[in-house]
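Same chain, two partners: subunit A is paired with subunit B first, then with subunit C.
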Partner chain A sequence: MSLIEIDNLSVTFRAQGRLVHAVEGVSLKVEECESYGLVGESGSGKSTILRAICGLAPVTGGTIRIAGQPLPSPRGPGFAAQVQMVFQDPYASLHPRHTIDRTLSEPLAIHGLRDSDARVVQALVDVGLPPGFRFRYPHQLSGGQRQRVAIARALMLQPKILLLDEPTSALDASVQAEVLNLLNRLRAERGLTFLMVSHDLSVIDHMCDRILVMQHGKAVEELARADLAAARMTTSYARSLFEASADRMLAAP
Partner chain B sequence: MSLLDIKNLRVTFDTETGPVQAVRGVSFSLNRERLGIVGESGSGKTMTGRAVLRLIRPPGRIEADRMTFDGQDLMAASERDMRALRGKRIGMIMQDPKFSLNPVMTVGRQLTEGLRLRDGLGRADASAKALAALKAVQIRDPERVMGAYPHELSGGMGQRVMIAMMLIPEPDLLIADEPTSALDVTVQAEVLSILDNLVRDRNMSLIFISHDLRLVARFCDRVLVMYKGRIVEEVAAGKLLEAQHPYTRGLLNCLPRIGGPREPLPGLDRTGAWAE
Partner chain C sequence: MTTLRAWLSDPNPASRRQARLGQLWLAALRIRRNRLAMAGLVIVGLLLVVALLAPWIAPHDPFVQNLGNRLKPPGTPGYLLGTDDFGRDILSRIIHGARITLYIIALVAVTAPVLGLLVGTVSGYFGGWIDAVLMRLTDIFLAFPRLILALALVAVLGPGIENAVLAIALTAWPPYARIARAETLTVRNSDYIAAIRLQGASAPRIIAGHVVPMCLPSVIIRVTLDMAGVILIAAGLGFLGLGVQPPLPEWGLMISSGRKFLFEQWWVATMPGLAIFIVSLGFNLLGDGLRDVLDPRSASR
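Our next item is the complex of A and B:
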C-alpha cells in the first residue's frame, strides 16, 4: 500500500459559465519516504493536484487516499497533523502582522498541544534560524529566512507528508541551494514523504526519486530519476521540457 | 569610441539610518555587443540599468565620473534631453508584464501611443506599424492582441508585447531587466530566441540583466558579475565555466544539475575580502 494514492483525479473549475478542466484523470502513487516530483508549465495542473489533496480545489472525479484511507471532507485536524503544505511565495504565505512566534504556535494551539514555548524554539533551531527571530515580524526577515519559517510552520505538527509548491522559485540561486539542502536534511532525519511541484527540472531532479511530467491537466509521462539524467523520455513534450531547461543551456553553448 | 561609457557610477539612497550605496563604483564600456549583468537580489544590477536612463527617483542619487552615450554626456543632459533618448535611442524591457503594462489601456493603444505622440503618425500608419511589431515577436493573432487588455494575455504574450513596444522606435541600445524571469522555461526559451534574433537583425547593443548565470552565458558575449554594488568579475560568456572569482564559482556551483550528485549543494562562501 502506498502512502499517497491518487486515482483518476479530475478537478473542474467553473469560470464565467465555462468549464475549465484543470486536472483530467491523473493517477499517481507515492511510497512512504519517497520524494515525488510534478513538473510542467504554468496551467498544467500541477499545483491544483496539491490543492486538491488539501481540499482547496473542487474535485469532480476520482479518489485520493492517504495511507489507504479516503480523505474526509472537510479535511479536519487529523489530516492537518498528517499532511502539510509549503507555498511558493514566502512573502505572501506568512501573516504580515503576526510575529513568527504567533505563526508557529497557532497550529499547536489549534491541536491542543502543550509545551508551545519549547516547541517553537526547537522548530526555529531545526530549520537553522536563531531563536532570537521568534518575536520578529515577516518583513524583518529575508526571503530565504521567511521560507525557513514557512517550512518550520509546516513541520510544527510533525506531519508525515510535506506538499511543496515551488518552494524555491522566489529565491536567489544561493538561497535556493540552502533551502533545498534544508529540505533534504529534514527528509532524511524525519523520514518525510515529499510531493513537490516545480517548473525547474534541475531542482526536481536534485530532490525527487520519480517525476511526473504534466501538460494541460493531463499526465504526460512518468520518469525515474535515472531516465531523466540519461534523457530516456518517450514523449516529445517531456523531451522539449528537458531541452528547454536552463541546465542544458550551459552544457551546449 | 564606445557607444556607452561609464566610469565610477554610484547610486546612493539617503535613508533614516544614513546613506546606502546600491551601486558602488561601477565602470564599463559597451560597443555593439551583448553584455550580461548577473548577480543576486540586492547586488545593484537593476539599479545600474536604471541609472543609465537616469530613471532613479529621489531620494536616490546618481553620481559618476563619466557616463556618456554615443558621445553625449548623460550626467549633464537636461530632463528634456533625457526624454529624447529614452525609448528612441535607449529602450528598456521591464521584468514583469503584469506590472509594467497599463492595465486599463488596450495593447493597441499602448503600442501606438508613442508612435502618435512622438513620431506624429496618423492612426492608420501607427496601427500598421504596431501590427508589424507584434508580428515580429511572433504573436500569432496580432489583430486580436491589439484589442486586448493586458489581463487577457498570458505572461509570455505580455512579455512579447513589451518587447514589441520597445523595438518599435528601433533603439541603439536595449536594456532588458530580467525579461523572462516571470515566464515558464519553455516560453522563456522562445521569448529569448525572439529577442536574440531581433537584436542581431537590427544590430543593436544589448544589456541583459539577470540573476540566472546559465541564461546570460547563452545569450551574451560578455558577462559582468556583480556583488553588493560592485563588479567582482568580468568574463567572456563562453569562458564562464572557467571563471576564477570565488563568488562567480559559488554562483555556478550552487545550482542543481540534472544527473548531478545527490549531495548537499555547496553554499556561497562570503568570507573573502571581495565580500566587503
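Our next item is the complex of A and C:
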C-alpha cells in the first residue's frame, strides 16, 4: 500500500461561466519515505494537485487516499498532523503581523500540545536559524530565512508528508541550494515523504526519486531518477523539457 | 534605568513577556518620534485629565444660574470664556462637558467598530449566502440617513445619554463593516491564511487571530476620523431634545443653545465649538500616529 494514492483525479474550476479543467484524470502513487516530483510548464496543473490534496481546490472526480484512507471533507485536525505544505512565496506565506514565535506556536496551540517554548526553539534550531530570531517579524528576515521559518512551521506537528509547492523558485540561486539541502537533510532525519512541484528539472533531479511530467493538466510520462539522468524519455514533450534545462543540470555538482 | 532600557531593547529577547514589553517600548519610541501623534496624544491626555478632575479645576458650578451676569464677553474677571444666556460660566461648563463627551466617545468607540469588524470579517471570510445576507443588511442601514435612523431609535427607546449612544452606535457600524469586508477579501485567499487553515485552525480562530489584525489599522483610522461626527450627532440629538438633556453641559447642546445669539454674543456657541474642534483634531492626529505604531513593518522606516 502506498502512502499517497491519487486515482484518476480531476479538478475543474468555473471561471466566468466557463469550465476550466486544471487537472484531468491524473493518477500517481507515492511510497513511504519517497520523494516524488511533479514537473511541467506553468499552468500544467501540478500545483493544483497539491491544493486538491489539501482541500483548497474543487475535486470533481477521482479519489485521493493517504495511507489507504480516503480524505474527509473538510479536512480534519488529523489531516493537519499528517500532511503539511510549504508554499512557493515565503513573502506571502507568513502572517506579516505575527512574530515567528506566534507563527510557530499557533499549530501547537490548535492541537493542544504542551511545552511550546522548548518546541519552538528546537524547531528553529532544526531548520538552521538562531533561537534569537524567535520574536522577530517576517519583514525582519531575508527570503531564505523566511522559507526556513515556513518549513519549520510545516514540521511543527511532525507530519509524515510534506507537500512542497516550488519551495525555492522565489529564492536566489545560492539560497536555493541551501534550502534544498536543508529539505534533504530533514527528510533523511525524519523519514519524511515529499511530494514536490517544480518547473525546474535541475531542482527535481537534485531532490526526487521519481518524477511525473505533466502538460495541460494531464500526466505525460513517469520517470525514475536514473531514466532522467540517462535521458531515457519516451515522449517528445518530456524530452524537450529535459533539453531545455539539461545544460544547467550538467553544470550542477 | 540603563539596564531596564537594555533589557527592553534587547534584539534577541529570551521570553514572550520580554518580547511583548520590548515591542510596547519600541511602539512608545515610535510614537514619541512622531511629533503630530505626540500632539494628538497630549490633547487626548489633557481631555482625560480635565474630565477626571472636573469638579476641582472648574472655577464655578456649571449649573448655578445668575441672570445678572448673563452673556458677559470673554475676559470678564472671573469668567475667562464669558457666560451664557443664564449667566453660567462657559469655561466651567466646557470642563464638566468633557466628561459627557468622553463618555459618549468611549461608548461609541467600543461598540460600533467592534460590531462592524465582526460583521465585515465574518461576511468577507465566509462569502456565499452569509456574505449576501450580512451585506444586504448593511446596505439597509447605510441607505437610511444616519441622523433620521438615530432619531427613530431614540424616539422608540426614549431620550437620554445611553440611548443616544446606542442609536449612534447602531447607525455608525455599517462603514466599518464595509471596510473590514474589503480588507478581508484581500487577505482571505492569501497563502498565510491557507497555511493556518491547513494547520487545522477553526474559522473563529482564523478570523480573530489572523484576519482582524489586518483590518484593524484602517478601522482605527476611520474611528478617529468619525469621532468629530459622533460628537456632532450627539449634539444634534440633544438639540432636538432626544439626546443629552439640558441643563447638562454637553458641548453640542451648548452650541445649539448659543445659536440664538451667534451674531451678537458669538462666544456662547464658539467656545464649545472650539473645544469640539480641538478634541477632534487630537483624535485625528493620534489615530494617524497609531496607524504607524500598529504596523510593525513601519519600524524600519
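What we mean here is this: the second predicted complex is superposed on the first by the 245 of 253 C-alpha atoms of A that agree within 3 Å, B and C clash if a C-alpha of one lies under 4 Å from a C-alpha of the other, contacts with A are read in each partner's own complex, and residues count from 1 in each chain.
Please note the rule applied: a residue touches a chain if its C-beta (ideal position, glycine included) is under 8 Å from a C-beta of that chain, and two chains touch if they have at least 3 such contacts.
In this text, all values refer to a predicted model and were calculated from it rather than measured experimentally.
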Item checked: Side-by-side fit of subunit B and subunit C on subunit A, or clash -> fit
Next item on the list: Using the superposed model, determine the angle subunit B, subunit A, subunit C defined by their C-alpha centres, to the nearest 10 degrees.
Entry: 80
Next item on the list: Quick one: classify A:Leu180 as touching subunit B (first), subunit C (second), both or neither.
Entry: first
Notebook entry, point to check: Who does A:Gln84 touch here: subunit B (first), subunit C (second), both, or neither?
Noted result: second
Note to self: Let me test your reading of the model: by the given contact rule, A:Leu201 touches which partner, first (subunit B), second (subunit C), both or neither?
What the structure shows: first
Check: Should A:Leu228 be classified as contacting the first partner (subunit B), the second (subunit C), both, or neither?
Finding: first
Notebook entry, point to check: Is A:Ala15 in contact with subunit B, with subunit C, with both, or with neither (first, second, both, neither)?
Noted result: neither
Check: So, A:Phe135: does it touch subunit B (first), subunit C (second), both, or neither?
Finding: second
Next item on the list: In the overlay, answer first, second, both or neither for which of subunit B and subunit C A:Gly76 touches.
Entry: second
Check: Counting only touches as set out at the top, which of subunit B and subunit C does A:Thr99 meet: first, second, both, neither?
Finding: second
Checklist line | Distance in angstrom between the closest Cα atoms of subunit C and subunit B, superposition on A | finding: 8
Item checked: subunit C residues touching subunit A - in the complex, by the definition given at the top -> 11-13, 16, 19, 22, 190-192, 194-202, 205, 209-210, 213-214, 295-297, 300
Note to self: Give the list of subunit A residues in touch with subunit C in this complex.
What the structure shows: 54, 56, 75-77, 79-81, 84-85, 87-89, 92-99, 101, 106-107, 110-111, 117, 130-135, 137, 139-140, 150, 153, 156-157
Notebook entry, point to check: How about subunit A: which of its residues touch subunit B in the complex?
Noted result: 41-42, 143, 172-178, 180-181, 184-185, 199-203, 205-207, 228-230, 240-242, 244-250, 253
Margin query: For a test of understanding, state which residues of subunit B touch subunit A in their complex under the given definition.
Written below: 40-41, 155, 184-189, 211-215, 217-218, 237-238, 240-241, 250-251, 254-260, 262, 264-268
